[in-house]
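Below you'll find the structures, each written out as structure tokens.
One chain, subunit A, appears in both complexes that follow, with subunit B as partner in the first and subunit C in the second.
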Partner chain A sequence: MAAEAVLSARQRWQARAVRRLRPFGFLFGPVGVLLALFVAPLVLLLIMSFRYDSLYITKTGFTLANFAGIFTNPAYRTVARDTLMMATTAMLLQLAIAFPLAYFIAFKARRWELPVLLLLVLVDELNPIVRIYAWRMLLGRDGLINSALQWVGLTSRPVLWLLFSKFSVILVLSMSWVNYTTLPMYAAMKAINPIVFETATDLGAGWFTRWRRILLPLAAPGIFVAILLVYVPMFTDFATPALVGGPSSYMLGNQVADLMLEIGDWGTGAALSLLMLAATAVISVAAYFLSRLNQLD
Partner chain B sequence: MRKTQASAAGLAGPAGGSRPAPARARPPLKLRLRRAVSRFGGPVFAGVVIALLYGPIIVLAAFSFNNSIVFSLPWAGFTTKWYSVAFGDANLRAALINSIWVAAIVAPVSVVLGTLSAFPITRFHFKLRGAAAMLVAAPLVIPWLVIAVSGQLYFHFLGVDLSQVTVLLMQIVVTFPLVTVLVAARLARFDRTQEEAAVDLGASQLQVLRYVLLPHLMPALAAGFILAFSWSFNNFEISYFVSGFNQLFPVWVYSTLRHATNLPEVNAIATLVSGAEVALVYLAWLFFTWRSGARTAREKADALLEAVR
Partner chain C sequence: MTPAATKGAITLERVTKRFGNLVAVNDVTLDIPGGEFFSLLGPSGCGKTTILRMIAGFEEPTAGRILLEGSDVSFVSPAKRNVNMVFQAYGLFPHMTVNDNVAFGLKIKHVSRTEVGGRVGEALRTVRMEELGGRRPAQLSGGQQQRVALARALVNRPAALLLDEPLGALDLKLRKEMQLELKRIHARTSTTFVYVTHDQEEALTMSQRIAVVKDGVVQQVATPRELYERPVNAFVAGFIGTSNLIVMRPDVRENGLAIMNLPDGDHICAPDTLAQGAEMKIMVRPERMRVWGEAEDERTSRVHGTIVEVVYLGSMTQLTIDLATGERVTIHELNDDLKGALPVIGEPVLVKWAADHSFVIDDGTTVNVALDESLPA
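So, the complex of A and B:
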């Protein structure tokens, strides 16, 4: 029948309108939620960081004083340097652990591949605060590690730098995130055909060449994802330093939490949050470009 | 090898030369060491990492049965009194109920919002697609601390008192993009000829959705639900900033530890909660590998990776 095949101009217009509007029908809910509860708060954060808002100052209006205060106060510089140092050390430690571990799971584990993978995924379901607490219990003055060290006779007194120090923060941060570091690297390595390695060996490549010219460049996207997933949350963490850190391991996250919840200097807190957001953006972009340097041609 | 070299150089022992060489010479120590490392190095290394990940939790669980307030050896005797202390703690009970209640709402809402956003991003072509995808992915990249601080400021600005509702809203924002990623990955691997075949066979739009698309998406939806539930239940940063006086479980643990009172109680409840979390995820995984018919290790690994990609 001709009536079926030929659509009137009006029907065609309707069909096109439906096609055009369909994505927005789907996106209406999610994007609405994000605009109302994610974008709007971030815009407010931006505005607040340029306004006076403190319990101690009655002035109102726009200002750069929050940022000026952060950049001129040497205490912030020390905290920022410590944060960068601890997060970077923890990240390098995790990469050093995760790279061989991912290689083992992807190529050597065989029937252990699945159990190890499952254990790495499962540990993430445990409560992060509980995991931090478990380490605090172990590392304490009377904790199991100190008892063991004294029992073996390595020390006669409890080792005090095990807890409430930079060491404990770096260790606990690494142990909280190393599973997240491993999984993307595993996924990247799993995509490599092992025949590539055999071919390289046949062509006379030693283990270092295979590692440097094949494994590293092909796993680079996984390393980038790992750094993106892990470095940013570590950089902004405050629960770990608050629970297992001491005065020497105060991080930017603690500073923000204290400004917002204890001191009540919301202007400075907003400005510092914004600066941390900018820093994480720089880290992410840097990680992205670093990962591209090593691609196979 | 050393032996043959030695006999070749005429430096063998008194019986050298006359004794028949062994069928297989023992390789030198260096080579044997290298072989041992390449054979056992990987498993031992992986074992150590797993022990470092789970060991502390196991020790924590063990000390929850120790009849002492300090966590050191020697063992002070078995007790379950810390569990009764934990169950008798009204604050803790309230925090646990709050957390479960919030997670039970965040998880289904996240699944719905995540699925809704995954469809247009993977399947439709429209001008703002890139922008929409970036917006939805942003809460996964932006640190939770910043989102939490902005949420605190925002609710204050709106004049809304912090409560379970505010924490619920902010948790939905950071959780549903995870479901979007899971569902989008699964959708991208869907063969659309199946849909066309269904339409050719006379299926309506709804029937295609119900009988073709949903069964394909089911693993991603289930993984999304479980992960969203545990993300919400375990979420500390957001909860700490925007839950107000209604404590959630992670915040309760945190503040109890800050004041360092009655820690064995924390061991007891942490043991129970960890056990429940592990059991839940493991059962769900068993169920879905069984449902999806994954038999070989490879298929199971894929099913697992589905949940983490």
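So, the complex of A and C:
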């Protein structure tokens, strides 16, 4: 009788857990889908990277040879270095454009603020592939820029490095996802009370000091969020180099695509994917924590 | 009028400011000697803040000149003027500590590290915030933030300190404390203070001289006592303190008095300085009208009235009385003259005041009278 009435500690704990989780019961569906469609493929990738998996070679057993191959082969190092250079350059270029744009919208636009914001969002709604093709028309041998240059008389022959080069990839990358860079910086700037600029001026600050000591530190969280959102797509992109890039602008994204689809070396492809995932995860986490620096207290 | 070139002296010469079709400041001339505590007083939207911002450099005059210590600074940027402003919303830098906020102006001037530390400490001690140097603005109360803003301006030892309604966001008790502290700080430094407020009591408490502004025009510039006792027009009389407005039609003019005779032996006397006709408006301060005990002579006005309201305020009693002439007046009587019970509503009384304690005004024109010349200038 007593044994039936008194629950064991373990049973009490279980009952409490169930009670706590019950409100979240509706999440089991979505979480389940998430697990299936997102996490499972990652796990598959993980497994693949440790096996010799390809169309031609199937070996059972786990090995580190895929990873070893990546680290020893100098070709991979070149591609990685190029990718890093191009993505970082594109990121810095985009920040240099988006920061003044965000400043303009946040402080100078007045009644144009909403229309400009809408325009910004709309422009990025365009299909990215279509946009990249538009770049081809602009930069190509018979494209708009070359035609204009020749018509004005600045060159007698078309400038060839405008397309299918490192230049074109960096240029197109820096012009993509401008939304995601501008909006976080705009949001951070809107949170600034504009009166601090007046007080800084009153205390003797010129425009450079106002920019460096007031605007930049207060907008910094926005900058880091922008990096967080945009650097990863830039780093891992393969559509842009595929469509406007040439042999000199081969990026890691293309490498993985080739390994998986052309060469058939799934093991190495998976291993490279995971390494890219790890690198971008490190960058993202760093950017996230840097964006919260101002909220230390 | 030669501009004073003394340290901290500010002069506005016929300054006008237009925003499109709106004339915010209309032909204003002010002479503020160095070291004075000077207030700009007026209702919201009268242009006093615009005047202050022009002195600071955030607005440029449409016409006229602004002189600081004798030199024309009308179009000099605020960063280069040797004046500092305490803003209504403080404007503290949220990402810096109190110490860094206060040191900001000094660092821009490349003051040495050791001197910065010393001066920041001194400024914080002046505003009694020396313990909280390491805090961020978000961790401070409104009153503390206000004091940091003050220290941040004072640490630069400006020729003049401009304050734009800095006490507006504080509760009453704190505001009164800060008024006295500002007065104390002003006495310690030789800085000119230019203070903008819409609160006449605040201006009277702290200022050595006050400019009353209405619709962009300066109505009167005078010491607090002069403004109270010799207002130049109805607006100033009504804005500073309270006063009672009485209309009279003089029947007789003799001995420098205009006299209106009323039934029951009542009469109103007022100094006769308006050389015009049928109607005069006079204003009398509440404490100058008496209902209990006042000797009469030929220069005393007397009118019968009925008490409408009695408010006992501790040190004085406030009575609202309907006069036989039709006006409703407010009277302050000190309670040490009170003998016996308080008056009651409905009680008939005789209201008396000395003719010399009334001032004749005409709405808008600058005619003033108060023959009491024993007042110091």
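One rule holds for everything that comes next: the second predicted complex is superposed on the first by the 264 of 297 C-alpha atoms of A that agree within 3 Å, B and C clash if a C-alpha of one lies under 4 Å from a C-alpha of the other, contacts with A are read in each partner's own complex, and residues count from 1 in each chain.
Keep in mind that, in the parts below, contacts are C-beta pairs under 8 Å (C-beta built on N, C-alpha and C of every residue); 3 or more make two chains touch, one makes a residue touch a chain.
Quantities reported herein were computed from a predicted structural model and do not represent experimental measurements.
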item	value
Superposed partners subunit B and subunit C on subunit A - clash or fit	fit
Touched partner set for A:W266, first subunit B, second subunit C, both or neither	first
More subunit A residues in contact [subunit B versus subunit C]	B
Touching partner for A:K166 - first (subunit B), second (subunit C), both, neither	neither
First (subunit B), second (subunit C), both or neither touched by A:P23	first
Least C-alpha distance (whole Å) that remains between subunit C and subunit B when both complexes are overlaid	10
Footprint overlap on subunit A, where subunit B in one structure and subunit C in the other make contact	none
Of all residues in subunit C, those that touch subunit A in their complex	56-58, 77-80, 84-85, 87, 89, 91-95, 104-105, 108-109, 136, 138-139, 152-153, 156
Residues of subunit A touching subunit C in the complex	193, 195-196, 198-206, 209, 213-214, 217-218, 294, 297
Parts of subunit A lying in touch with subunit B, wherever the complex brings them together	20, 22-24, 26-27, 29-31, 33-34, 37-42, 44-45, 48, 97, 100-101, 104-105, 108-109, 111-114, 116-123, 125-131, 133-138, 140, 142-144, 146-147, 151, 175, 178-179, 183, 187, 228, 232-233, 235-239, 242-243, 253, 256-257, 260-261, 266, 269-270, 273-274, 276-277, 280, 284
Partner subunit A, residues of subunit B touching it in the complex	42-43, 45-46, 49-50, 52-54, 56-57, 59-60, 63, 70-73, 112-114, 116-117, 119-120, 124, 126, 128-129, 132, 135-136, 138-139, 141-147, 149-154, 157, 169-170, 172-173, 176, 180, 230, 233-234, 236-237, 240-241, 249-250, 253-254, 257-258, 263, 266-267, 270, 273-274, 277-278, 280-282, 285, 297, 300-301, 304-305, 307-309
